[in-house]
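Worksheet: the structure to be examined is printed underneath.
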Amino acid sequence: MKSTLLWSGIASLAQLIWLVLAGPLALGLMRKVRSVIEGRDGARVTQPLRDLRKLAARQRTRPTDATWIFSAAPLVLVASALVLGALSPLASLHVLMSSRVDVVAVLFVLLLGSVALLLSALDTGTAFAGMGSSRAAMVGAMTEPALLVAILAMSLGAGTSNLARLVDAGVATSTLAGPARILALVSFFIAVLAETGRLPVDNPATHLELTMIHEAMILEYAGPDLALITWGESMRLVLLVGLFSNLALPWGIATSVGALSLGVGLLALTLKVAVVAIGVSLFEVTTAKLRLFRVPELLAGAFLLGVLSVISAVALR
Amino acid sequence: MTRLLALTVVAGLAAIAWGALSSRARVPLSALALVVSSAGAATLAVRVLATGTNFAWSQTNVLPLGGLDVRLTPLGALFVLVSAVVAIASSVYWTGYARHAMAGRSASASFALFTLSLLVVPMAGNVTTFLFAWELMALSSLILVAHDHARRPESISAARWYAVMTQGGAGAITLALVGLAAHAHSTRFSAIATASTHLSGAVASTFFLFALAGFASKAGVVPLHVWLPKAHAEAPGPVSALMSGAMVNLGVYGIILVGRTLLPQGPQWWWLVVSLLGGTTAAVGALYAATSRDLKRLLAYSTSDNMGLVLLALGASGLSLSTQHPRVASLALATAMVLLVNHSLFKSTLFLGAGAVHAATGSRNMDELGGLSRLMPLTSVTFLVGALAVSAIPPLNGFTGEWLLFQSLLHSLASHDVASVVAGTLAVAAMALTGGLTIIAFVKAFGITFLGRGRTERALGAHEATFSMRVAQGALALACVATGVVPYLLVGVVARGLAGVASPSISGWATLRLSSLSGALTPLFLSGALLGALALVAGWRTLVQRRHGFANVATLEAWGSGRHHQSPQMQYTATSYGEPILRVFDDVLRPDRDLDVSHVVESRYYLERIRYRASNEDVIERFLYRPALALLRAWARRVRVLANGSVHRYLAYGLAALVVILVILK
Amino acid sequence: MTFRIAVRALTRRSRDAEILAAPTTLHPSAARLHGSLQVRHVDAGSCNGCELELTSCFSPVYDVERFGARLVASPRHADAIIVSGPVTHNLHEPLRKTYDAMGEPRLVISLGDCAHDCGEFRGAYGVAGSVDDVLAVDAHVPGCPPHPTDIVRVLRSFTGQ
Amino acid sequence: MKVSYVTPLDLAVVVVIVTAALTLWRQSLVASLRALSLQGVGLGVVAMVLGAHRRDPVLVFVGVLVLLIKGAAIPRLISRVVARDHPGREGSPLINIPASLVGAGLLTLLAFGATRGLVALIATPAARLIPFGVATTLIGFFAMVVRRRAVSQIVGLLTIDNGIALTAFLATSGVPLVVELGVSLDVLLAVAVLRVLAGHLHRQFNIQDLDQLRDLHD
C-alpha cells in the first residue's frame, strides 16, 4: 500500500517535470515544423526555453490601473496547469489521486486558468485587452458544449467519467474504431484546437491587434509574468494534446507501478504528443484563420458531432 | 421545539410591529428581531435535520379550513435553514443599507413580514397554512418591489408585472391544492398524499400542471420568468438577495411537494416536461445574463438560469425513478438540492454586492461603472467569490454542483429508456452551453464593474460599503468558499434533508463518492494542490525578480499603441463585451439595432456623429406577452361598447342575466 | 502541394555563406539575452524602404528567426525597439511612449541612415530630429536602405546565435 | 453478431450521417458536393457489407451500383452545373449555421426517439442503425428548408433519398434489385432535369436563390 503511494508520487513528479519541459519544447517543435514547410530553417526547437530564461531576467511591469488580479493571473494559470500535470493520467494510470480525478474536474480546473486570464485582461483597462477578453470568452463559451458533450459520449462507453478508468477502458478494448469513439474524438480535437487558441480559431503568430484573440489579452504582460503565461499556455496545450492522445491511443501508458513502465509511459507520451503536435502544425500551415463569427459554426459542428456520438453510444451499445 | 417556533414567530411579529410603529432605531431593532427570529427557525430546522423526525404543531381555531398546521419535515427544514441563513445575512446588511434606502415604515414592516413568511412557508403542514403564508410572502414582496415608486417610475411597471404574475401563479397553486384537498376531504398534506393513490391519472395530471405553472412562475421558469428580471432589479439590495436566495427556492419546494410528496405516482411525462422547461430556462436565462448590461438584471437572469439547472436535475430524478433506477433518482434529487443551496449562497452574496455598488454609485448600469475594486476592496472580493462560484470554478461551491449534475445526467443516460436518453442529452447540452455563457456573464459582471478604470464620475466617487454590509457579504462569501472546499458541509446537510424522500447517494468527508455508482471528487485535496502550486510559482517569480536585482514592479501607463490620449471610455463596456454573443445568437435573441450616421453639411466624407442604439429586450416578453396584452386590450375596447353609461342598459343586462339563469335552472 | 513544398524546404541548402557565419562581435547585452531577442518595430516616419528590408529579414531567404530574433506585437514583450526613419513631429510622442512602455532592461536599435542623421529628410518641416536626438541608441544599422545582411548581422550581435 | 461485420457497418453508417451533417455545416457548394459523394460511397459500402454478411450477391451488386451512381455519377453531374453557373458558396442560409446544426442535432434525437419501437421489433445488429437512416432523411429535409440555392436544394433532396435507401437497407433484407435500380435511375433522371432547370433559371432570369422565384410571381 505504502509503496503504491510512493510510486504514485514518483509518477506524478515525473509527469510534472516532463510537462514543465514538454510545454515549451512542443511550442518550439510546432514552430519548427511550420518554418520548415514555409521554406525556412526556423528557430531551434529549444528556442522557447531560451525565450523563457531571458524573460525571467526582465523587470515585471504593471499598468497604472491594474489591481492584484493582474499580478495573480499568471500564477493561477501556471498553478492550474501544474496541478493537472501531476494529477492526470498522462504517462501512468497510477498517479496521485488518480481514482478521484475525473474529466469534468480537469475541464473546470483548466477553466480556472482561463477565467484568471479573462479577468486580468479587463483589469488592464485598455481597449485591446477588453476586446481580446470578450472574444476569448465567446470562443470559450462556444467550445464548452462541444467539449462537455464529447466527454459525456466517451464517459458513456466506460460508464464513468474518471480519467484513469476512461483511459484504462481504452487500453482494455480491442476495437478502437467504434463510431461513438471516433466522433467524440473528432469533436474533442476541434475543441482542443479552439481551447488552446490554434488556427483556424486564433492565430498565435499575429501582430495585428484587431485580429487577435488570445494575444490581445496579454499585451500588457512583461518579463516573468509573460514567461509564466507563455509557459502556462504551452503546458495547457501539451496537457490537452496528451489527454487527447491517451484517450485516442492509450498504448504505452503505464498500467502498473514501477520504474520501467513509467519510463516506457513517458517515452510513449512524448512520441504521441510529438506526433499530434506535428499534425496540428501541418494542419495549421494548410488552413487560413476563420473569420471570428465563423468560429461558432465550426464549434457548433463539433457540438453536433458530439451529440451524434452520444446517440451512437446509446443506440449501438 | 415548540418554544423555538414560538421564538421565531414572536420575534418576527415584533420585528413587523417595531418596523411599522417605531420611529426611533427602527431599522437596527427590527433587524435584530429578525435575526433572532431567523436564528430560532434555523435552530429548529437543524434539530429536525439532526433527529430526522418531523416537528408538528397545530392550532385549529386560528384559521378556517383546518386551521394553522405546522409540520416541519426534514425536506422543509432544509429550505427553512437556507432561508434563515440568507435572512440573517440580509437583515444584518439591511442595517447598513438603510442609510441609503429602505428605511421607511412600510418598507421596514414589509421586509420583516417577507422574511417571516419565507420561514413559515416550508413549515406548512396543510393547504390553508401554506396558501396563507404564500400570499403574505407575495404581498409583502410586492410592496418592497414598489417601495421606491416615487423616485423610480420603472419600479411601478416592475411591480405591476410582478403583481400579475405572482397572483396568477398563486391562483393556479390555489386551484391545484384546493382541488387536491377537496378530493382528499382534508387540507392536511399527509392526508392528501395517502388519498392521491385513488386519484385518476387525468385529474392528477391536471392538478400537477396547474401547480407546476404556479410554482414555476415563482421559480422564474421560462416562459413565466418575465417578472423576475424586473422585480429583482427594482427591489432594494437585501430584498433582491432574499428573493433570489430564498423566495425562488420555494417554487422548487412546491414542485417537489406536489410532484414527489403529494402525488408520488406521477407518470413519466411530467418529469420530461420539467426537464424540457429546465433546459429552456437555463439556456434563455444564461443568454440574457451574458448580454445584459444592468448588473442586477444580469444577476436575475442568472437566477433563472440556475433554477433551470435545478429543474434539469429534478427532471432527471423523476425520469430515473419512473424507469426503476432509484439510485440515480436519489443522486439527481440530491444534486438538485445541492444546486439550490449553492445558488442561495452565491446569489445572495452577489445581490448584496450589487446592492452595495448601487448604494455607492447610484447606478446599476455597468457601462457607467468600472474600477470599483480600489474604492470598494472588500465588496469586490466577495463579489469575485460569488462570481467564480456561480461560474462553477473550483474550488468554490458551484463547482461541486456542476460536477454532481454532470454525474447525474451521465448515469441517467445509462438507462435504455428513450425519454431519459433524449432528455439527458439535451440536458447536458443545455448545461454545457449555460456553463460557458455564465462565465461570460460573470467575467463581465465582475470585470466591467470592478476592474479597469472608472467610466463616469459616479464610479469614481464610490465608497466602500458600511461595516454591517461588509460583514453580511463577507460571511456569505466565506460560506461559498467553505462549502466549496469541504462540500460535505453541504452534501451532508442535503442528505439529511432528503432522508425521508430518497436513499443516501453521496458519501465521504474529504472525497465525495457516489454510492454504488462510479464517480469521486475531492475538492479539498484539489484546492490544497492548487494552493501549493500557487505558492511554488509565486515563490519562483519573487526569487527571479530578486536575483536580477528588481526591487519592485514598474508601474507604467497602459499600452495603447502609442496613442496620445487613452480615456476610460475607450475600454470595452458591458454592452460591447456581450456583443459577440448577441451576434452569434442573433436568430434567438433578435436584438434591435439601429445605426444612425449624420454627415457634416459641407462634405459627405466627414461625419458629424454616429449614434448606435441597441436594445435587447426579452424576446419572450416581446413575442409572447406583448401580442397577448395587445389582443386583450383590443378585446377590452370592444367590450367597452356594452358599457355606455346608460342606467337602463345596465338594468337590462341584469334582467337578461336573471332570465338566462332561470332558463338554465328550470 | 504541401508535400512538394515540404520536400523543397527539406532539401534546401544554405544560400548565403555570409548570413550563416557566426557573429564575430557581440553586443555587451548579448550575455543576458541568452540567445533570444524580441523586437518591436517602430516606424517613426520612414519612407518604408527600411520596412521592406526588415520584412525580408524574416523571409525564407535571410530567416533571422533561426538565430533567435522575433518580432513581437507589444513593447512590453520586447527587449528592443527597432526604429526606422527620421522622427517626425507626429510620431515623436508615440515613439517616446513606446520606449517608456518597455520594462527594464531595454535596447534601442536605429535602422537606416534616416534614423541616424535624418538622411534625405534633414531639415524638413515635418521632422523633429533623428532617433539619436530622442532616445539613447544602442546599435545602428547603416544604409539607405540597409541591406538585410547588415540587419541580420546587428540582430545576431544581440542574440549571439 | 460477429464483430468483424458490425464495426465496418457502423462506420459506414456514421459516414453517411456525418456527411449529411457536413452538407449543413459547410457553406461552400464544392464541399457539400464532396460530402454528398462520400455519402454515396458510404451508402454503397453499407449495402455491400450487408450483402457480404447475408451472402447475397444481388445486394453486393446493388451496393456497387449505388456506389457508382450516388458516389460518382450524380455528384459529378451536379458539380458541372456548379462549375458553370454558380460561384462557390451558399449565400446566407435562412437559419444561421450554428442554429441549423443544433437543429440537426435535435432531429437526430427525434429520429432516435421515434424509431426505438421499430428497432426493438427487428432486433438485428443492422436494425440498431435505423435511427441514423431516419435522421439522414430528416437532415436532408431540413437542409432543403433552410438553404436558398437551387443546387443546395438538390443536395438536400439527394440526402433524403440516401436516408430512405439507408433505412430500407437496414430495416429489411435489402431492397430488391429492380426497385433499387429504378429508384436510383429515377433520381438520376430527376437530378438531370433539375440541373437543366437550374441552368435555365440561371440563364433566363439570372436567379440562383429560390427565394427570388417569388419575384416571378408578380
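All chains are identified by letter, namely A, B, C and D, in their written order; residue positions are counted from 1 within each chain.
Throughout what follows, contacts are C-beta pairs under 8 Å (C-beta built on N, C-alpha and C of every residue); 3 or more make two chains touch, one makes a residue touch a chain.
What you are looking at is a predicted structure, and each value in this text was computed from that prediction instead of being measured.
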The pair out of B-D and A-B sharing more C-beta contacts is A-B
Chain centres computed over CA atoms; the one at greatest distance from chain D is chain C
Quick one: report the Å distance separating chain C from chain D, using the average Cα coordinate of each chain.
-> 57
Centroid spacing, where centroids are CA-atom means, of chain B and chain D in whole angstrom = 47
Chain A to chain D, mean C-alpha position gap in Å, rounds to 36
So which stretches of chain C touch two or more other chains?
-> 74, 76, 103-104
Could you say which residues in chain A touch two or more other chains, in rising order?
-> 57-61, 209, 219-220, 296, 303, 307, 311, 314
For chain D, jot down the residues that touch at least 2 other chains.
-> 98, 105, 109, 112
Chain-chain contacts as defined at top | A-B, A-C, A-D, B-C, B-D
List of chain C residues in touch with chain A within their complex | 2, 5-6, 8-10, 12, 32-36, 38, 59-60, 63, 65-68, 70-74, 76-77, 79, 102-105
In the complex of these two chains, what residues of chain C are touching chain B?
-> 42, 74-76, 91, 93-95, 97-98, 100-101, 103-104
Chain D touches which residues of chain B in the complex?
-> 418-419, 421-422, 425-426, 429, 584, 586-588
Complex contact set, residues of chain D against chain B = 95-96, 98-99, 105-106, 109, 112-113, 116
Residue positions on chain D within touch of chain A in the complex are 3, 7, 10-11, 13-14, 17-18, 21, 25, 97-98, 101-102, 104-105, 108-109, 112, 119, 128-129, 131-132
